[in-house]
Each structure stands twice: as structure tokens, then as C-alpha cells.
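Read from first to last, the chains carry the letters A, B, C, D, E and F; within each, the first residue is number 1.
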């Protein structure tokens, strides 16, 4: 009960600050927290990245294993995106099987990757109908201070960019790297009392009436949208967020993903 | 989303099933079709056959999940094993868990949850036959079932998907369009207030296509709203409002 | 607590009416509610049927998939009968894995089908030891107003009767339909204060001391029996119920299952 | 139920294991074989080896499953992984869930559950070696274990199966008869009251065969009842009633 | 609450007796309860044994099935040791999936067997990379009056000693018995107020500050150690227990496992 | 434990990675690396990368698992799916359940649990990269994280493994030594008190080897203790003790 009151206090705090033009950490409304991206940091993973958005920290590891294709797509590899909200990362997370939050996180990141054709699954076929690469993308949240989606999506692309295909382990020959065809970037915004802010903290997420994640590609097109939360949104707000999302994605892509390949 | 170069999605301005770009599939709505549920609705959208039932407000279990300020809405989207081409194993999978969450959040804004602190309002959607668009059909059915159950609501929620096939923005994708098209974007809205309560997109759309699709979907939701309203009025004109729900409970 | 009292009130109500020769819905003791049977109504299922017993409604769908035989019966297909008591159908049903009620329902229907050799599993063999048809019979309860077993068993046979074998989907040739060798019909009766009534409603099931399901075939023989409930029964009552069950099964079979094939 | 044309089930009026049609397999009953349980019984029926333990009446968990009017009986039928030809994966499967329900309902009628409102009486049956008829052996063992635990009972419950093999109605099927016979019908009864508390049948029987089988089973239950009673008397004559059950608890 | 008080009473009882040089059942500190070992008692198991340590009773069954090897050891059979603490055996055991107690029990027994090379897994290979014997060792606890590990470990070796390989069942030829290369014996001791006692009862386990299981082989070497409990131990105590464990193991081996093979 | 005859474990008195017999791998300790946790520690041991977080003391759920006399310590050892050569399926397996139990019992003796009756102290260890010795790294990390969280403790716990490879008793096995060596013996101890709180061994050791290994491990724990202490002092000298832990909670 005391905890619920603290929830309300924090929500009011965030709202009052915003009404005076401030955010709890002093950022501008359309400003991200400091982003840090480290690549290829886990030597057991075929690809990996660690992303920090301020105090939010997410680790993404990619593993490649040889397995069977789905019967209805015998010439394609398989991409499986999974997210674990381990209790280490937040007092609100609990041990147990994936829940609706972790499932949604994984699926939104997954759709962003599929929607923009980041990976050519046909290239992951080893032997039609028999053997394909199974590409596991595991999102491991270490510290949840808000906006896990953007951190996870950024980490996912960065991890894919540094994959080394373990051909040797399976006695195969083939390309060593995985071609990454696009660089979708997720930008999440919340609406709080009519104000739009990007890259929300936990407190801002809790105080928000709405949240929208906009995933966009290098050419400015969209490869994913996901509205979250139990409130309605106006068309104009959505359109404004989509524009803003595409703009911020461009900035992040420029700085972190346009690696010489 | 698979590419299928050989399908000719658009021919002479018509789609594979003969519809125009902004045309809904056939919709059929039956209200109050179940005896045990407090409210129910059968919804057909083309070949989709969907049933929704509502129970409550009633006591919330487990207790620690109660909300002291308002009713908790539970939403369970479930596919019958025989509703799809390859038998679906019973029980929730990741897709149905996500759809349940999105659908619940699509309906939450219209339910006067604060009237029933600590209670549960339970919404169950069963997909009996699936043909693309089941989540939108489920939200439409659930919205009507909530009204049929007498759950106090600000308004109805209506839902439809738009997408991109053969380079065109079209309304209410069928299965072929969904499987081989370029983008799919389901939305839900409170039609009379132009307020969007659910929005997802996967595939690929330019910003202009997105805006065009959003407007198309919003217009179609107005049509669906009218059908939902008509079905509810029909239900009560038949004088069935006096149905005895408690027998056998 | 209030709910438990209502339970008792309803039980007393049913008992009092019966003691005066009446049932809550005005039926005779040995009279079924109105039966409605619709076939082949679900186009994704290889066979389907919807059965209504008054306000009770059960959907049965049959799916055929190619799979492996059990090691100890390499020349036989596999029949898997499953029942889901989805929470949509009753305020008493809960989400979750199958419980003892749904398992018993599925198993009783399943035994009725096996006991009378309805399906020749040998005919479901495609390639000995390698490939057989797996026949899934899924009982999906939509509205539980009592006597699910009889509705499910009737729907199961009707669904089997209209199966179209999906040979083409698997690149096979073979017969298009499945031969149905018998038409077992389940008839459920309850004993309430010594009175036997058929096709019980929920209220009657709750007020009953005993319940017996009698499954019988076209030739009048039995292919299944199942007693339910925490009370003892006399031999005479059981024998009487078996006779009555065979008689009622004949009436239902005549009306609903003797389709020209 | 598989047909196996080549087995000669009946030869010179005897069955494959030399028994006559109405003959039980060997039965061995040991009472009070476990120290920790409040009551226990080891039961052999031919090659079946079954152990039953009873705990309670004790507090019922979880609380919401308590019955304010009477004790709830929990019954768990479980097969040891090595009790069958092909190793059984540990944990309940659909068959054992159904058998547990039927067995609980077979025993409920004799337990004076109303003496212990809100309590649980827990019955655990472990099948250590299986050879057809385990559910009947389990009910017999559980009935004795309940008595050994001092749970107040109206009477004992006895159980046996009858079936049809080679065209004949026979008592207490063995594994070959069960696997390749034409019908199997397990029953349980309160022998001294001629009251049937469990009845199942699968396979195929005419009405006359059913009636003949029922009578055969009822008669055999009388025999089993005498063996159960004798075992219980033997137990208490040994003066073991003073066993200290609480040590180590 | 009452139960917790009884717990304390029993602990004090055990402690008080020990301080006066007595155990609750009159044994010497380094004395086992009467051990009974019966072999080959379950005819559906390929090997079996029933061990009693006083009132503790454990059944171990071995099953052999043909299956696939692990990809990383294609020339080896598979040993799977599993323990079920079924609720029949103790008022403290509950139905449900394996918990930390049953998992620890199985793993300690398993490590003892592996550590001393009891079974040559290479001999369990039938066809490299394709077919191997899967050896299931199932520990089924019937009556828990303390010291399950020693009973289970003894039963496991005895069950392995009487395995008959079911070649015929799988249409194979090969050796009929399984060579058992060593006879590890587990000896468990507890420390209660500085006193070391072997083969603890339940009450002694509960009163103990520490428990150590020492598994040793025919040559006196160690093949497993496991400390249990939330207290610290001194080096000297551990060394003393290890010596004592090896000594007692020798006595048990001599009496029960040195069968003429 | 597999035998691999072809590996030359010891050459010129050095091990495969160039270490001497009694040499630890490189250790790196960072304290307070997580914002949301009440205490945290990042621990590297050679190529092992381990993160520990502590929450609590806080309310224990479920209530029936509360201990009226003292706090209950929950310990969850978990491997990230990408921490090992072949992807680890998420969720607890038998190995991690046992390690969690042993690790909890290794830490229990130093936590002043009686200060917080009915409470839970939760310790979460994530293995991000695994290279033999993860359980000892996890205990070391958890011990520091408990101190960082301000949980009242009698002392720190330090942990290391010893083993036998190529016939020699060596300290802190790496992955090759662990996979193909002859024995592995992880221990945990309260270094300043010479009190052992965890001890496991698998493989094969003579009694003398065991005693030699135990002494070797105990000495190494003293070294690790000093590193843990230094890391904690470093943490507080930076004045980070004033970190605001409640933001965002």
C-alpha cells in the first residue's frame, strides 16, 4: 500500500516537472540519454553488443546453430528472438517463464528486423529442407531504467553486424560474416499530459498515458510500430511521433550503426 | 513477411478476392449467443469466425493481482486447434500472449474500470476459424460482448487492419494478402472520438503510406462501429434483454 | 460463501421439482433437450461438427497431419482426442493446462471411438514404420449447460464422418474420405434421490448423487461405460441405466448419424 | 484395444496363465509397511506390486481448495519410471490423472469426510511393478491404508476388473489378456453393501456380457474384501497398533 | 506454528541425548542402522535394488532404452540419474516437478558413479553417432527416515550390478550384463554441537549444523563430496569426516557389494 | 568427467595457460555497477564474466514461505543463453538448481538473517560468459554485492575451485582442465575464520590429494578475500555510497 502511494508521488513529480518544461534528469524533451554501444564483447556468442541508455543496460548475444528448417520454408534459416527480463535487472522483474512484457519486447525487436529485411534468411540455408542455420538473438536485460526496446533493438542490430559464422564448429565452409542489409532503429516516445518526450525513464514510462515505438530504416521508411498502454491517442499525436521517431533514428544510426563493412 | 513475386495482388483495380482497395470483407455480428457468459458475441469477418465472452465484474483471483482503485481487465485470445491449416497446439504461445496484451490495452480506455475496484472483468476470445485479421475481429467481438454483459463503457471500440500489397495501400487484408503482402497494420479505435487505442505495424511502409493507411483504417472503423451498434440495438429490440443468465450458474 | 449457499438452493430446487415429477426445463425424465447437429462448418478443419443439446454447445474439429507411428504399432495411424474446457464456456472453467475434468471428457469420448472400432487405424498408415496419419480430434466446448460428454461424443462421430483427407497438402494420393465403421452414441444419465433422468443440465449434474455414461453401438453392444461422482450405486440402477442408454442411443443414431455414405 | 488373432486365450477351459474364468490372481497384502505415513499398505496382485500411503486428516493446502463442510480427499496414482516395459517419464500423464479421479471417487463414499471439515485426507498410490489391473490394486491398497491410518470409514472398498477374452467373460485380466482382449471393465464396490463406487468399461461387450461380468466382479470383490479384512485383523493382532508414528516427523 | 515448536522440541531432544552420549535409537555415533539390500526385485526394470537403512527405504530401478547419443560424445551411451521424492514417503514431500532436494540427491549419486568410472559409457555405444543405450537410473524413495543419499547410492550400484541388457527387445545382440568397474559407497555424517554421527535419522538431520556426504571407492580414493546446510565447518572436522567416511564405506562394500561376478 | 589422453596438461611445471599450480586466473571486481539493484558486483575470473545483484531485505513472497525467525535468502544462479558454446535454453535446469542451493548455503552462514524475520534477501547471479568456475565466481560476486547492498554480514565469503589435472593438484581450473581433468573441487569459505561454507567434489582424488587440494583452496580464498575487500573499500572511497538507489523504483 505504501508502495502504491510512492508510485503516485513519483508520477506527480514527473508530471509537475514536465509542466514546467523539465525532465527528472534535466534532458530536453527530444533528447536521448547518453548512449554507449560496445560490440563483440562476449567470446562465447557469435555476435554480441552491450547498449547503455543512461542507466539502462541491455546485453544482446547472437548464437548460430545448425538445425532443421520449418517445413513450410525449407530454403530459409530461422531467426528466433528472445528476451529475458531477469530479476537482477529490476525490483519489478520476477523469475519465471517469459511473461507478456518480455514476449512483447522480443517480438517488437524481431518484427523490426524482419520488416526491413535485415537478414536474408535464404542465405542461412545450408542444405534445402535439411540443414539451416538457426540464429538465436537473446536480449538479456541487466539494468532497467526505462526504454528497454530502443536499447534492445540497437543492441540486436549491432550484434548481428559482428557475427562470425561458426562454420568450422560444424565442419562447414561458407561466408564468415552475415550480411546486414539494413539498420532499423527503434525510437520510443511517451505522451505525458500532452507532452511528447523521447527515450523515457522508468518514472516517465509509469507517468505516461501513452507510449509509441517507431522503428525506421536507413531510407526513412517504417519497419515497425507498437503502441503500448491503456489510453487512447489522437491521430495528430501519432503522426507527430512517427515523424520524430524517424528523425531521431537517423541521428542514432549515423552515430552508431553506419560502420564501414 | 514473405515475398511472393508471382502473385498478382492487384488486377484492374481490384484485389485477389475482387474487393476494391477500401472495401471490408463481409461482416456478420450475432450478440448474446452464449448462455453461460454474462455477455457474448459471434463475429465473422470474411472467413474468420470468432467468438467472444465476457464474465464479470466478479472477484479477482489471485488476490495479490487486485487493483485497489479499479477493475482489472483480463483478456485471453485463444485459437482453437482446428482453426488454422496446421493444427495449433492448445495453450498460449508467444503470439497469443502479445495479442492478448494489445487487445486488452485496446479495450481498457473505454471500460469504466474505476466503478469496480478490486474486481476482474474477464474477456475471452476464441478463434474458431482463422483467415487473417483475427485480432481485429477479436477486439470487435469483445467490444460488443462487453456491452452485452452490461459492463459500463464510455463507448465501443472498433478495429481493422490495413496493409500494403502489390504496392497499394488496402483495407482489411485477407490471408493471401497478409502472408505475401508488404505490410500489415492493425489498429483499434474509439470510432466516435477518433481516438486510437491500438496500433501495430510490421512489414515496410513509407511515412506517406503509413498516413494514408491510418486514415483508411480510421474511416473503416466508423463503418464497423455502425455494424456493432446495429447488432446491439437488434439484440435489445428482440426483447432478449430479459434473458435469465443465472440459471445453471 | 454466498455462492455455496446458492449451490445448495439450486440443488434443493432441482430435487423438489423432481420429487413432484418435474424437471427445471419441463422435460420428461427420459427426454433429451432439443439436439442440433451441424456438419462440416469449419473450413480449416479436415472434418468438423457443432452440436447443441439445448443451451449446451460443443464444437469438434478433426485435423489430419503426417507424422511418425508409435514404435510398438508401426502399421497404424494415431488417434489423439483432446478436450479444452475454455473459460469462455462457463464461469467455472479456468485457463490453464488440461485438468481432470477435461482429461476425463477426452478419454471417455476416445474410448467410445476405439471400443467400437470406428476408425481402422491400419488404414491411416502411409508407410510402415515411417509415415502415418495423425488424427487429432479436438473437442472445443463453447457453452456448458450440462452433459458435455454426450454432445462431444456425437460431435466427434459426425466430424469423423465428414473428414476429407488432405492428401494433396502432403503430396500424397489415397482415399479422400475416412471410412467410419460404427456410430457409437454416448448417453448420460444421473440419479437424483433415486430418480433417473437423461441428458442432465448443470443444475441436475450438481444435484445428482450419481452419473453414468453409457456408450453403445449400432448393434446395441456397449463400447464404453464411465461412472462419475462420489456416491455408490446399486447394481439394479446400473443395469437399468445401461438398458435406457442403449435405447436412447438408438433414437439419436437414427436421427443424426445414419447418413447415406 | 488391439486385436491379436493369433493368441489362443482359452484352452481346455483355462486361461493363458492356467486360471479358470472366475479365478483371481494371487493376492498378498501387508499392512503398515511404511514408517512415516499415517497408514500404509503393500498390495500384490499377480505381478502387480503396489504401495499405498495415507496422510491426514491434516490441514488442506491451498486454502481456497478447502471445503467448509467436509474433508477433501486427494488421491494421486503414480507409476514408478521402472514399473513398465518402456520407462515412464516421471510426473502425471493423462491416464494417471483420470485414474486418480476415478479412484478418489471410488473411495469417497466410505470416508466419513464430514468429520473433518476443511481438512485434507491424502492418499498416495505408487505402482512399483505393473502387469494389468494396477488401478484396482491401487484402490484395494488405498482402502486398507485408510483403515490403517485410522481414518473413520463406513466400510472398506474392494476393486477388481473383469473382461472379455477369446469370447469369454473372465475375471481379473492379466497383461496379455488386457492388451489383446476384447474388453476390460474395472469396478470398485463396498462389498458388504453391494454398492458400486467405480465403474468403467472399454472395449466391446453385449448387454448380456456386461451383466454377466458385473456379477462376476461383484462376487470377486467379496473375496477381496475378506482378504483385506484378514490383513487388517492380522495387523492389529500383532499389537503393532501402538507404533510410534511421530518419531522423525 | 505448533509444528515449528515441535521441530524445536525434537532438535533439543536430539541434542540433549547426544550431549549425554546417546542417540535417539540407541546407536553408537559411528554405527549405521541395520542395512538390508535386496537385488533384482522388479521384473520390469533391467536392474533393481531395494535398500533399507533402518526405517528408511529406497527403491532403485535401472532401465535401458535405445536412443541417440549427445552430439558431442557420439561414441558414448547416456547415463541419466533421476530421483523422485514422492509424497508417499514423507509428510514433508509434495507432488510436483523435481525440486532442489530431489535434484541434489540425484546429482550427488550420479557424480559418485561417474567419478569412479563405474560404467564405461563407451561400452553403451551401439552404433557411433546414431544409436546408444540410454541408461536411466531412477531413485524412488518409499520411506524417508533420514539419510536418503547413502541408501540411494548403495541401491544404485546394486541395481547396476544386476542389469540384464534387453538386446532382444531391440533386435540387437551383445553382452547380457553390464560391467561394473567400481563400487563407490556414499557415507553421510552430520555434526551436531561438535559431535560427528554417521547415518543420521531425520531428527538428526534437522538438528545438525552440518552434513557431509563422502563417496569413496574400492581403492579408498574419493569419487564425490557434498556438504549440505547453512553453517560453516572447520577443516579438521571435514578431514575427520572424510577419513571416517572412507572407513565406513569399506565396511559396507565388504558386506553388500563384493558380489562374485 | 571425460578423459582426454592426448592433452598435455602440465609442461615444464606450467599449466596449459602458463599458470603455475597454485596460481589464480586474473580477477577483476567492480562494485555497485547496477542502478536498480540494492547492491551489485561485476566479477571476472579469467574468461568468466559474472554479474551479481542483491535486492532486499524486502517482503517475502509467497507468504507461506516466510520464516518467522529470520530472513530467507533466495539465490538464483542463471546462465545467459549466449554464455556457453552451445546456446543454453533459458530457464533453470537441474545443474543451475543445484548450484543455486549450494551457493545459498555458502552465503547463509555470514548473513545476519535473524535481523529480518519474515523478510527475503534476494541474490541474483547472471553468468554472462562461462569458462569453468562460474559457481565460485558467482559466490564471490554475490558476497560483494550483499556487502554493497548494506545487508548486515558477519564477514565476506570467498570461493575457488581446485582440481587434479595431469596428476597434479592445481588451483582454479580453466575450461580445458575442467572438461578433461581428473577432479574438480569447488569450495567456499569465510576466509578470515578458516570456516568452510561450501564443499563439493567430483572426479577422483586420493585422500592425500584431497587434503592437499583443500589447503590450496583455503590459501587462495585468503587472496580472493583481499581482492574483495579492496574492491569494497575502493567503492566507498569514491564517495559513491551516497548513490540514489530509489530513483525509478
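Everything below uses one rule, namely that contacts are C-beta pairs under 8 Å (C-beta built on N, C-alpha and C of every residue); 3 or more make two chains touch, one makes a residue touch a chain.
Note that the coordinates shown come from a computational prediction; the quantities given were computed from them, not determined experimentally.
Counting only chains that touch, the fewest steps needed to get from subunit B to subunit D is 2.
Shared contact partners of subunit A and subunit D, listed by label: none present. Touch-path distance (fewest steps) from subunit C to subunit E is 2.
Taking the CA centroid of subunit C as reference, the farthest chain centroid is that of F. Same interface as C-D, judged by over half of the contact pairs sharing residue numbers, among the pairs E-F, B-C or A-F: E-F. The chain with its C-alpha centre at the largest distance from the centre of subunit B is E. Averaged C-alpha coordinates give centres for subunit D and subunit E that are 31 Å from one another.
Centroids of subunit D and subunit F (each the mean of its C-alpha atoms) stand 51 Å apart.
Inter-chain spacing, taken between the CA centroids of subunit A and subunit B, is 27 Å. Per-chain CA centroids place subunit B at a distance of 57 Å from subunit E.
Annotation for subunit B: no residues touch two or more other chains. Among all residues of subunit E, those that touch two or more other chains are 98. Taken as a graph of touching chains, this assembly forms a single closed ring in which every chain touches exactly two others. Annotation: chains form a contact ring; the order from subunit A, going to subunit F first, is A, F, E, D, C, B. By the touch criterion given at the top, residues 34-37, 47, 49, 51-53, 55, 58, 76, 78, 80-87, 90-91, 122, 124-126, 128-130, 247-249 of subunit F touch subunit A in their complex.
Subunit A contributes residues 6, 24, 42-45, 48, 55, 57, 59, 61-63, 65, 82, 84, 86-91, 95, 97-98, 136, 138, 140, 142-146, 201-203 to its touches with subunit F in the complex.
Chain contact summary for the complex, subunit A toward subunit B: residues 1, 4, 73, 98-100, 103-104, 106-107, 111, 114-117, 212, 217, 220-235, 238-239, 242-243, 246. For subunit F in complex with subunit E, the touching residues are 1-2, 68, 94-95, 97-98, 100-101, 104-105, 108-109, 183, 185, 189-190, 193-207, 210-211, 214-215, 218.
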